[in-house]
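What follows are several structures.
The same chain A turns up in both complexes below, where it pairs with chain B and then with chain C.
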Partner chain A sequence: MSALLSIRDLEVTFATEAGPLPAVQGVSLDVAPGETLAIVGESGSGKSVTMLSLLGLLPAGAARARQVVFDGQDITALDEARLRGLRGREIGIVFQDPMTSLNPVLTVGRQLTEMFELHQGLSRGAARAAAVETLSLVGMPSPKERMATYPHQLSGGMRQRAMIAIAVACRPKLLIADEPTTALDVTIQAQILDLIARIQEELGMGVIMISHDLGVVAGVADRIAVMYAGRIVEIGPIDAVFDAPRMPYTSGLLASVPRYDLDADMPRSIPGTPPDPLARPSGCAFRPRCAEARAACAASPPPALRPAGPPPHEAACILVGEERERT
Partner chain B sequence: MGRYILGRILQMIPVLLLVSLIVFGIMRVLPGDPALLMLQGAEGGVTTPERLEALRERMGLNDPVVVQYWTFLTGALTGDLGESVRFREPVLDMVLDRLGSTIELALAGLVISVLVGVPLGMIAAMRRGGWIDAFTMTFSYLGASMPVFFLGLILIYVFAFGMGLFPSAGGTGWRSLVLPGVTLGLINAGLIARLMRSSMLEVLGEDYMRTGRAKGVPPGLLLRRHGIKNALIPVVTILGLQFGNMLAGTVVTETVFSRPGIGRMIVTAILAKDYPLIQGAVLFLSIIYVTANLLVDIAYAWLDPRIRYGD
Partner chain C sequence: MATETAELPAGPAVARRSPGRIALRRFLRHRSAQVGLVLLTAWVVLAVFAPWIAPYEPNELVSRARQAPSADHWLGTDHLGRDLLSRVIHGARISLVLGFVSVIFGLVPGATLGLVAGYAGGRVDAVISRLIDAMLAFPSIILALIIIATLGPGILNVMIAVGVASVPEYARLMRGQVLAARTQPYVEAAWLVGNDPARIMGRHIFPNANGPLIVFATLQVGNAILVGAGLSFLGLGAQPPTAEWGLMSAEGRDVLARAWWISTFPGLAILSVVVAFNLVGDGLRDAVDPRTRPA
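Let's look at the complex of A and B:
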């Protein structure tokens, strides 16, 4: 089956006063229709920027990719107007904080009907009916009444439901959820994740779930991509990556997750901090924090991961090569 | 919304009481005998003890201060603001006679400052760093630093004497309103443009604007539907204060353009030490100012549902 989304060699560089800042370096990934891909990494690892570049929401000229094929169409070649037709209609996005991501002076209904008017040319009445239907799809109680409320009148969880309603209003083929539960109470988080999973099944969407929280993605993702310092350092089926991480950074991430269900050791943190993107170390960017680092790691960065074709579980690490030589 | 407006109206009562107290105090805090000052001011120093005593009695100056204030307050509430010493006319009639002209001028100034300032600030924000932005910044500094009378004189020189497009003084109808209105408007437009610029810049960086783009909303619609209303909120708050500026500005503007308004009447009254007239005029200007701020609060609530629903 061909991929719904396929990104090849994405580079994002921001012009800053201190010089060009490489936020994303050579990212390639695929998302199959109906699949959930999780992208995890620390803040600043480039996971959100990757997705914003996909939608063309970054400053002009910041993003460059050899190829971004979405639903059979190379969207790097699209002009702004065509790209706008894609945004919201074919690709929906849910942002982290529904309080600031919803317009405070417009009703929930207006922010939702706008989608149908823009992308499907519906009349006001028809858009309203569609909006009420979408609100009930996302489990908003008494959706008709909720149409007239403003974001500040809703609870955090209800706000995120409204945000999701906007994102899936036009039945997109791909939903990007950028830390959809980070701003929410723990008790609400599971509800929102369940909701996204349910809608995904109902609409058959591909989902990209961005998170810094491995616990969040563990239950929902089919595959996981780990990003560090602007690169994907490990990618593979979620069980494979969780059971046998191949890159020391991934192992470190997994070891730092508190496990209350196991009688395991205390969570261990990874020593050090991610490198300053303006002064990344030579070779592998994780080298200074890596317990397994050796001289060869400083020479050149591991080759960027190519998601196409086997093996499905790959890591950008010198250890992987050594392991292969041994077997 | 109705409850909110009612609350705002009730809040006006203590403000207006305080205003009446201050206005009443004007005459009491001046050094010397107001009746004497008034006689000297009005009749060129011809004062006899009998006339003075008669005036003191007529003004109620022999009563205790509390009684005087009560008399003033109940008088003001029933529309009796006393009589102008100089013109021997009821103050209320004189004020009402000129009120229309002043409100007309202040409104014209406000409308012009909004019509110029809001779009200018918006474009400056969208084209940040461009020539319109630079022009807006210069314009706002000029507006803030140029005295009203000076701009008025320049406009008179160019458009009245030079081109003969508009009358330089007095007159009625819209033509006579253009130059004074533009004078007041331009002086205040700078501040509004600056405010609008910074407010718009802030809004452009907000998450919900990014959401709008992610929804596929075209830039023009994004600005109109999602941007402007949010950006106007801080600007509207300032408009009420600006209106006070406008009223103060009318004093000078009406003098420069010889318009028969309250502003010019106050100047004349001050020169003539006509205290009842000053009191009446200041009281009315205060009422207008407080009412303007009430309207601003209502506009504010209309723009921002978080205010409307008391959150």
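Let's look at the complex of A and C:
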């Protein structure tokens, strides 16, 4: 099956007073229809910036990619008006904080019907009916009555449901969920994740789930991409990556997650902090924090990942090559 | 503001507690706003029903000139023998219309400029902001005088002058509000779901940025009435024999020692209307500003 979204060699550089800041370096990834790809990484690793650039939301000239193909068309070539038609209709997005991402002076119904009027040209009445239907799709109790409520009248979980309703209103082919559960209670988190998974199945959407929480993505993702210092350092099917991480950074991340199901030691943190993006170390950016680092790591950047094909499990690490030679 | 919100009642009866309604309720409970509203309502009633309430026509010569207040003429008669009470009541029509119309002349272009400047940023903002700065360099009364001098005297020109002179203040206020509102996540979200700039400005930014503008406009109605009366007092606005408060004050100026009422009562009328608008504006400000929320 051909990819729904395919990004090749995305580079994002911000002009700062201290010089050009490379936020994303050479990111390539594919998302298949109906697939959930998780992108994990710490703050500043470039995961959100990758998605914003996809939607054309970065300052002009910041993002450059060899190719970004969405649903058969190269969207790097689209003008602003065409991109606008894509956003919300073909690509839905769910934000981290549903309190601040919903307009406080408009009712939930108004914000939802807007989507139908904007993208499908529906009349007021038809848009209203579609909105009520969408609210019930996201499991909002008594959806008709909720249409008239304002965001501040809803609980956090209900707000996130409203947010998801807006995101999937036009039945997009791709849903980007940027830390969709970070602002929510743990019990609500599970409900929201289930909801996204259910809607994905019903609508057959591709989903990109951005998170810093491995526990969140473990249950929902098909594949996982781990980002560090602006690069994808490991990508592969979720089970393969969790069972046998190939990059020491991924192993470190997994070891830092508290587990109740394993009789393991206390979670271990990765020593050190991510490098200053203005002064990244030569070669592998993770080298200063890596227990397995050796002289060769400083010499050249780790090999680039091959993103295409049936889901391979790859890591941008010198150890991978050595492993292959050994076996 | 607490992020905690009350859970909704399970039933279908969800109160429509929009932010506007909450503010309205607080406004109506505000003590000085109540005083202002009563005063203002009284003036509006007098203005609307002036021909039926006023005992005489405003330009009817009813008695000898400069008669002191009496049972026949509650506020006395002016220098030509017209009933001052009738003239003050009719004057309310001109002053209230002048106040509202001047504010609209200032608010609409001012808010539009501010909205565009704040939203577009960059070069557009730079041009509009420098224009605003240049206009703000003149005191608004001087600006109004310059405009009147160009257009010629007359009540409509006073409205235009007072309105245009206040454009930069509306624009500056609006621009600041828009700058604050446009970085809100919900504005970014509106952008990300495919809204065009016009819709983002009109639907998502403006309703979240107009609170202070409404308050300022209300206060500005009183100010416009005052400036308008001032221009008429100087002979640049309403012309005789119009029953306009500023002009009426001017007409009594020469005989202030012998007939104090001719200038005093129109002056008190101006005072009470301006105070009423200020009280209402203060009440509105307290109602929409979360920082002054009463405990």
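Assume the second predicted complex is superposed on the first by the 325 of 327 C-alpha atoms of A that agree within 3 Å, B and C clash if a C-alpha of one lies under 4 Å from a C-alpha of the other, contacts with A are read in each partner's own complex, and residues count from 1 in each chain.
As a convention for this text, a residue touches a chain if its C-beta (ideal position, glycine included) is under 8 Å from a C-beta of that chain, and two chains touch if they have at least 3 such contacts.
Fair warning: this is a prediction, and the values are worked out from it, not measured in the lab.
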item: Three-chain arrangement built on chain A, chain B and chain C clash or fit; value: clash
item: First (chain B), second (chain C), both or neither touched by A:154; value: second
item: Touching partner for A:71 - first (chain B), second (chain C), both, neither; value: neither
item: Touching partner for A:103 - first (chain B), second (chain C), both, neither; value: both
item: Touched partner set for A:84, first chain B, second chain C, both or neither; value: both
item: Which superposed partner A:9 touches (first chain B, second chain C, both, neither); value: neither
item: Chain touching more of chain A, residue-wise (chain B, chain C); value: C
item: Touching partner for A:213 - first (chain B), second (chain C), both, neither; value: neither
item: Clash-bearing segment of chain C relative to chain B, given 4-12, 22-30, 40-48 or 76-84; value: 22-30
item: Overlap of the chain B and chain C footprints on chain A, listed as residue numbers; value: 55, 57, 84-89, 93, 95, 97, 100-107, 114-115, 118-119, 150, 152-153, 166
item: Chain A - residues contacting chain B, complex; value: 55, 57, 81, 84-89, 93, 95, 97, 100-107, 114-115, 118-119, 150, 152-153, 163, 166
item: Residues on chain C engaged by chain A in the complex (per definition of touch); value: 3, 5-8, 12, 14, 16-20, 184-186, 188-196, 199, 203-204, 207-208
item: Chain B to chain A touching residues, read off their complex; value: 206-208, 210-218, 225-226, 229-230, 233, 303-306, 309, 311
item: Footprint of chain C on chain A - complex, ascending; value: 55, 57, 84-89, 92-93, 95, 97, 99-107, 114-115, 118-119, 142, 144-146, 148-150, 152-156, 158, 166-167
